[in-house]
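Here's a structure for you.
Letters A, B and C mark the chains in the order given here, with residues in each chain numbered from 1 onward.
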């Protein structure tokens, strides 16, 4: 469904992303992990059209979308959320989600109804009439997902939706995301919360300093020495004696 | 609510039967004109969040188009009115295209709109064919077809129709998809883009509608006051007066421009009564009003109306 | 028409006028660089300062250049107070609010002037207003030459202030990162007001230099505000060098444009440049923070 080949992007002297390739098949939940500053959000920005890659291509459902404008890409069925939530502050939660719904729905009342339905899907019914600015961090993150979901995407790019959630909130959102996938939306997510990665993702890509250093199922990734070193520093894998370190990875 | 609207409409239509003083009819006409242009500005600035300091460009375009079509080509005034709106809309489209194509937002956008208006003002003063610096005296040929009337009542009805029409446009936008998208753009343009909103197209539509409506106001002005010149048509004073009403009344609301127009013209009148008809004083009043409103009531007077405050920006 | 003997004096005239534009723009660019607000009241404040110089001369016989001793500190105090009490203390929200407030202030000032002084244009005649200096290649009016020199001096002084003093360091810190500056113990609101005050102090100086070679009227602010914006945008928001060079460039363009194509054309050229810069190169020639 999504084919990313050799994406590269430089900002001045900084090589943010270098020769990155990845693919996501329809119906999967794929995770993208890596230490801070690895280039994950830049990669998302390039896939979703906010940043133009210097080289490389992005193909979505067979179609070349490299360099297309964000709103066009969204119309084609690829939606993204932002790492730092960007709610429409003075609008209510319902109105926020309705903006997403309006992509496919022209009528105002219909869009508001769809917004309600999506909110219910994400367990947000109680918050529908609250101004978005009044939401907690967890609420805003969920709103990000709801808005993107309301656009009726086939592929959802989620940027750190779990960051800042407490264990209860985490336990709530994981099945919600799984349900979204089961309802027919493929998911590619950037995550730091390993617990969520392990329980949700079927495949994991690991990015470090702009380069893809590993790929595979979560359990395998956790023991790959390159990954351990990316997080814990050079030589860490050796020092840790190559033991399974799934729990210790931050 | 619907009952209240019907009653209000009936009152508005019956007004000239009750209010016969030329002065007060004139006041109502000014209020409706202010409402028209305030509602126009509100489409771009209130709903869309793009603050324009140069709406005089569209006002003047409308005024000059209507005046010149009538004077030089003998075009029927009603037709000229429509064409004036179209011409102003075109100017809006052009200025909007340039500004938005190059990503101008916020203060930079406000500045460029100011510059466009000034450019038109200088051009209008330099071209002799359209009166140059001396301006144009619009001839008075009384007759409904000319949109010129023997009594103020006629003008009042035209102004009422235009003003009410503009409020209607605002209402229609608020409950439409375009309105939802505009508000999204206003609140967070990047987030809107990520949700599939074609922000460039939406902003262009907003500025074109806004400009066209403002142009209608300019055309009416020419037929009513019978004199325009570059300063009157394109000067910064016009731009300021246009934006005061919706800001005072309430940005991004349907009735805001109307409430603001009443407050503005009323305050101006009050100022004249209390402080005499000295030049500049009413505008000082406006300036103070603007500062006070923005500081203490950025949501406008509408926000003060308790229950009606539920009519928040873009609430369906 | 295009002979050097005509072009050169026009160009020099343009330079001297441009120097005043630069001085006006210096204040504006400082205010933008630190507070990140576009001060729409800048022209009106200049007009107020001009009236200040005018009345000091008419009523107390104070020479305009000497009046700088009064007007520069007065301008500073006025700006500080304005920022502290009116402009600064608004609820955080959209930044068009600040825009509108400065617009409101300009409306109030402009129309107070209309009320008090009616629409008349006033000039002053000092004993040296008409004196000319022979530069060999052209004759230049003395007040204009003084204006040019003073503008250069002021730019240098401001640059020194910003780069070498503690206040300047604080200002640069606040300009770059207000939150961080607050954390380090800098009184950010005070620095904002100081910067605004310095910006308006420049206007005080500019007024003293301007009056001997121009006029004062309630509308004079409008004339200068857009030109000042053009200079700042052309030179780059927040750049002193940009304000200086931009001012000189605009002055020369206006003068030569007016000479060759007529007065309106000169003004038109300025606004067209303005629009062009905004569209195609909004960072201006030297766009950066306070350089």
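Quick note on the criterion: a residue touches a chain if its C-beta (ideal position, glycine included) is under 8 Å from a C-beta of that chain, and two chains touch if they have at least 3 such contacts.
Bear in mind the structure is a predicted one, so any value in this text is a computation, not a measurement.
**Student:** Among the other chains, which touch subunit A and subunit C together?
**Tutor:** Chains touching both subunit A and subunit C: B.
**Student:** As a test of understanding: of all chains, whose mean C-alpha position lies farthest from that of subunit A?
**Tutor:** C
**Student:** Nearest chain to the global Cα centroid?
**Tutor:** That would be chain B.
**Student:** Looking at A-B and B-C, which one has the bigger number of contacting C-beta pairs?
**Tutor:** B-C
**Student:** I'd like to verify one number: the distance from the centre of subunit A to the centre of subunit C, where each centre is the average of its C-alpha atoms, in whole angstrom.
**Tutor:** 49
**Student:** Between subunit A and subunit B, what is the gap in Å from one C-alpha centre to the other?
**Tutor:** Chain centres of subunit A and subunit B, defined by C-alpha means, are spaced 44 Å apart.
**Student:** Please work out the Cα centroid separation of subunit B and subunit C, and write it as a whole number of Å.
**Tutor:** That gives a centre separation of 32 Å.
**Student:** Note the residues in subunit B that touch 2 or more other chains, in rising order.
**Tutor:** Correct list: empty.
**Student:** In the complex of these two chains, what residues of subunit B are touching subunit C?
**Tutor:** The touching residues are 49, 51, 53, 98-99, 101-102, 104, 106-108, 110-112, 114-116, 118-119, 122-123, 125-126, 236, 240, 247, 278-281, 283-284, 286-291, 294-295, 298.
**Student:** Name, in rising order, each residue of subunit C that touches subunit B in their complex.
**Tutor:** Residues 37-38, 40, 86, 89-91, 93-97, 99-101, 103-115, 118-119, 218, 222, 226, 229-230, 233, 262, 264-265, 267-268, 271-272, 274-275, 278-280, 282.
**Student:** Which part of subunit A faces subunit B closely enough to touch in the complex?
**Tutor:** Those residues of subunit A that touch subunit B are 48, 50, 69-71, 74-75, 79-82, 86-92, 95, 98-100, 102-103, 105-109, 111-112, 147-148, 150-151.
**Student:** Which of the residues in subunit B come into contact with subunit A in the complex?
**Tutor:** Answer in residue numbers: 175-177, 180-181, 183-184, 187-188, 190-199, 312-316.
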